[in-house]
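Below you'll find a set of structures to go through.
Next, two complexes with chain A in common: one pairs it with chain B, the other with chain C.
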Partner chain A sequence: MTASDPLVEFRSVKKSYGTFEAVKGLDLTIGRGEFVAIMGPSGCGKTTTLRMLAGLEAPTAGTIRIDGREMNDVAVHERDTPLVWQSLALFPFLNVKENVEFGLKMRGIGAQERSDRAMLWLDRMGLKGFETRPIDALSGGQRQRVALARSLVTEPEMLLLDEPLSALDAHLVIRMQGVLTKLQKELGITFVYVTHSQSEAFAMADRVVIMGQGEIAQIGKPQEIFRAPQNRFVAEFVGRNNILSGEVAGGAITIDGVTCPLPGAPDGAAEIVVAADRMTIHADDPGKGALPADFVSEEFAGTGIICYFEGPSGEELKAQVSEAQLAELAPEPGRRFWLSWAPEAAHSLTA
Partner chain B sequence: MAKRPSVYPYVWRLPLLIWQGLFFIGPLCLMVAMSFWLVRNYRMEPDFVFKNWDRMLSRGFFWDAYWVTFLRATLAATLASLLAFPASFALAFRTSETVRRWAIFFLIVPFFTSYLVRIYAWQVLLAGNGPLNAILGLVGLGPFTMLSTGFGAMVGYMTLVLPLVVILQTFSLAAIDRNLIEAARNLGANPRATLFQVIIPAAKVGLIIGFIFAFILTFGEFVSPFYLGGSNPPTLSILIVDTTKSGQQWPRAAVVAVIMIVTLFLAAFAAVAAAYRRRS
Partner chain C sequence: MRPGPLLSWIYLAALFAFVFAPIVTSMVFSFNSDRFPTVPLGEFTLHWYETAFARAEVWTAFRNSLIVAVTAAALSTALGFATAYTDFRYGFRFKNAYLALALLPPTIPLVIMGLAMLAWLSRLGLSGTLPGIVIAHTVMGAPFAMAICRLRLQQMDPSLEAAAWNLGASPWRAMGAVVIPFCAPALISAYCLTAAVSFDEFIVAWFVSGLNKTVPVMILEILQGNVDPQINAIGTVVFLTSMTLVIVAQLLLLRKTAK
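Right after this comes the complex of A and B.
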């Protein structure tokens, strides 16, 4: 990630469709060899952003640079920004090898070299022996790899991916995540990956861009996004977070009459976020700094169990526990517990 | 409980089967049989002789008419496909859904009037002293002889098939997955390569169906070659009419008709095979 020599630069990029602003002034730099995930709910502008990078949409305002070159007036077919579609968009009237060769053929590369390079990529993607198969005779995972080979055969500097795993079975998603991460490391090229799935973004990306309503809500490493969400939108989108409002005075926050230390925070109204796995559940009132909470339900979440509570003013509170802890607490709906957190686990939201 | 075969679906299929049996298979068999009959004293007599076949197939005028018909139909289908394509392309990719719907509607409107009426209208328009020559005369061109020529016949063929070919092509082009077109551009295909390497292959079935419909309709056409093409050279359909009129030679006309049907079957089979051919 060399900030001085970025591969991609978005400068105040806007995209509107009529009166609807899909992207409202985007500033983003993407480094060479970086794996960036753009994540957000549907309609947040993430796919539009990716399509503008590929040239499939023209920005209404602002500039996009790739490798220092302004791309606004460069036609789609003159760019080298291959995209992997959610539907894969493999050509059904061509066989596997012809699909992979397509980009090379369009660049006027001779038949022999085309064939050699396509075979190399088919081999690399574990598709040797499938070259003459029609596309509809392949499994979902195989098609995925054909789409990757087709995009990478021209050896581009970056690969764009638009929710490529969302149509796959869960077990295949995990496997393809491994394939993609390994591929990106081996090739050392930039991956720009659009998804609405947190687990995909956090599992693969070096940096995650969270978008909401056409704007960037936060950019950071997966852990930063998870541990230090900058605003309510990110905290809610990431989930498994408690968002609490209160009044700060003298380095402590008062929430629903309960005062907890919040060192370094300026006085005034504030919102803090505490991750569910940083919450401690007490069966008895520990005395101070714990919010009374009535148990509502529990949810098995793979890595642990999320317990849901109702706080003093009706807000939803979450705490993550292990199975053993749950058995020990033996909660029943309506039973009163107390939730507390270490001061360093609380994180102030800016907006 | 064993499942009883349901009678219900067969009840609905039966009318079509009866119709096809009575009015297609039946006459077809009769026609094939008739081609082996004899005409004595201007009257047909059932028989089994190869005289009619021998007579027609050994004559130059039959083969002249056959090739004229075949080549004209091929030309008409090619011309209709080429003329229709830019319009279909524009309707499929360059217009809104609303415009496309209205265009399809207006392409159906010509079928409201009898084809014969439209051909009579062309007779007036294409006449030696007709409006078209008058307009061309204003810019110092012509007058051209357009009636009773191959050109005249071709105008009639286009009147018949062009709207249909545009409709078929438009539907097949509009049905192409837009992602495929974007993927082609994304992989470096310029507009021309996108058209020839992706759009045409992806719409192949519809384009071939449009072509073969135009071929079938013009191959058996009688009105255009007769009223606008001047019957000279005669097409197979004109030959059939002439043969039945001269000496009640229905069996010889049946020979021509059987050959036409065989040709159309082969053409249709070839077209469908080409349209659905799998690449290995």
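Right after this comes the complex of A and C.
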């Protein structure tokens, strides 16, 4: 999976700390103007990858190129890779405008131009009138925008973001996602966004890189990763997926004695993934192709309700329903239901 | 008022009385016209200040103390900040040993310190000179400066300095544009405190000062001659100077930590 006009290239990049391998042989190409989210659980190497891109960590092996230039030996301050920090790292002893001007000042740009450009960005970020405020007099959302303005004022080709929304309230996160996506479209620059939040990554990114234990588990468009996880790790990490193991024979899979069609699958042991929202719950046994499942509990999940069941061999099964459907089913713990899915909703795992 | 709080207040008052009574007494008698410290008091006078500061050696001693305090405080603060920054920024083997070594000087008995300094400085040909006293006082002040700077650096977001590099600041520029401004209150406070330590310090200065006496050394010499209310006058000036420095240091530290 390579982008047509690459801006960033990671080639067999490794990073170890003593005996611990944080990143194990990473190959990744990020295109110009692309919004890429690197997502994974904590300790998966996503932040290390971002820090290597910014030059804050040196790769143990491999090369990183930006715009065709090998960056391994380029110092942090000689790169043009501004980072929006998780802690924001705004300078508390400088006011809003001085914070935004910082990068320009370090590049030796004159006071007048500095001021003009900073004002332009403050205006753009909706911070007009706040320029002389101290940082600790701002709200969380305002600080976020100061941090963005400070990073973007030098007009870089690429912006790095390290979980910048993790400290915000839920309603602000949604708003800032809108701000970020719009900004990226308008500026046409590359965004590399590190997060552990699936909703943030899927809502904003053109491509999502899922990392696990220092390796890339899958790269793809949000829908691809959501609908066609390549391996168990991704299927589990993306969540709300049912992972079912069975035996395939003659275009059908047998799971716990229940046979369901699975066209085109090669014979042998197989694992399939069915998303929770593709599961149908039956109050009565529909006859064939439905797994018996005992209701355990339900969870309100914003977009619907996730019902949890226990399958024939004790596995956890999930199905998403609407509130109306839930009221109709009126499940009680321990009650037997049957779950089925359309053959095209099942996706075979390759590994 | 219940007896508990009342007792606490009495205890507090007694504590402060115990600590400050000798100093206050000395201050009161410095304005008293009687030759000997007796009650009832005589009249109010500035006579002892006039005679004390009419003496050339008093001026010389104050000049010496001032030069030593100003220089030693600057060196202590620079050294203390560098040590604290090393601790903040780098991890290395034997770091604990390094820190223990850096914080060692205040645990050395002053007489031992004075003797050691005298022996060492005379080998360097610096005993009895102002630079000699400056060196001794720098050694004594640096650990305090380091403790203060370390406290401030612990409050600094570790990303702050990296954010400056990320925005195009070389390590040296980031130091000047971010780390030092962030630590400014601690640096000023450390400067005031180490200046006060140096200004007050008697034992080590007594060993190494030789003919270039600082104020505390001169006070002892006057006292050895006779009891004179001039001592009260000089003591009051010394006390006020040191107190001012310490209070400024405390205010700066408290204001910044309160945030």
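Following the convention adopted for this analysis, the second predicted complex is superposed on the first by the 348 of 351 C-alpha atoms of A that agree within 3 Å, B and C clash if a C-alpha of one lies under 4 Å from a C-alpha of the other, contacts with A are read in each partner's own complex, and residues count from 1 in each chain.
Here, a residue touches a chain if its C-beta (ideal position, glycine included) is under 8 Å from a C-beta of that chain, and two chains touch if they have at least 3 such contacts.
From a predicted model like this one, the values you see are computed outputs, not experimental measurements.
**Student:** Fit or clash for chain B plus chain C once both are placed on chain A?
**Tutor:** After superposition on chain A, chain B vs chain C: clash.
**Student:** Could you say whether A:Ala342 touches chain B, chain C, both of them, or neither, answering first, second, both or neither?
**Tutor:** Neither partner.
**Student:** Tell me which partner touches more residues of chain A in the superposed arrangement, chain B or chain C.
**Tutor:** Looking at chain B versus chain C, the one contacting more residues of chain A is B.
**Student:** Of the partners chain B and chain C, which touch A:Trp85 in the superposed model: first, second, both, neither?
**Tutor:** Once the two structures are laid over each other on A, A:Trp85 reaches both partners.
**Student:** What is the contact status of A:Val76 with respect to chain B (first) and chain C (second): first, second, both, or neither?
**Tutor:** After superposing on A, A:Val76 lies in contact with both chain B and chain C.
**Student:** Please work out whether A:Ala111 is in contact with chain B alone, chain C alone, both, or neither, and reply first, second, both or neither.
**Tutor:** Neither partner.
**Student:** Name the contact category of A:Asn95: first (chain B only), second (chain C only), both, or neither.
**Tutor:** first
**Student:** Contacts for A:Thr132 in the overlay, against chain B (first) and chain C (second): which applies, first, second, both or neither?
**Tutor:** first
**Student:** In the superposed arrangement, which partner chain does A:Leu56 touch: chain B (first), chain C (second), both, or neither?
**Tutor:** Both: A:Leu56 reaches chain B and chain C.
**Student:** Need the overlap of the two footprints on chain A, from chain B and from chain C, as residue ranges.
**Tutor:** Comparing the two interfaces on chain A, one with chain B and one with chain C, the shared residues are 54, 56, 75-77, 81-83, 85, 87, 89, 91-93, 102-103, 105-107, 150-151, 154.
**Student:** Taking the complex as given, what residues does chain A use to touch chain B?
**Tutor:** 54, 56, 75-78, 80-83, 85, 87, 89-95, 98, 102-103, 105-107, 132, 134, 150-151, 154
**Student:** Looking at the complex, which residues from chain B come into contact with chain A?
**Tutor:** Listed in rising order, the residues are 177, 179-180, 182-191, 193-194, 197-198, 201-202, 204, 278-280.
**Student:** In their shared complex, at which residues does chain C touch chain A?
**Tutor:** Result: residues 157, 159-160, 162-171, 173-174, 177-178, 181-182, 184, 259 of chain C touch chain A.
**Student:** Within the complex, which stretch of chain A touches chain C?
**Tutor:** Chain A residues touching chain C: 54, 56, 75-77, 81-83, 85-87, 89, 91-93, 102-103, 105-107, 136, 150-151, 154.
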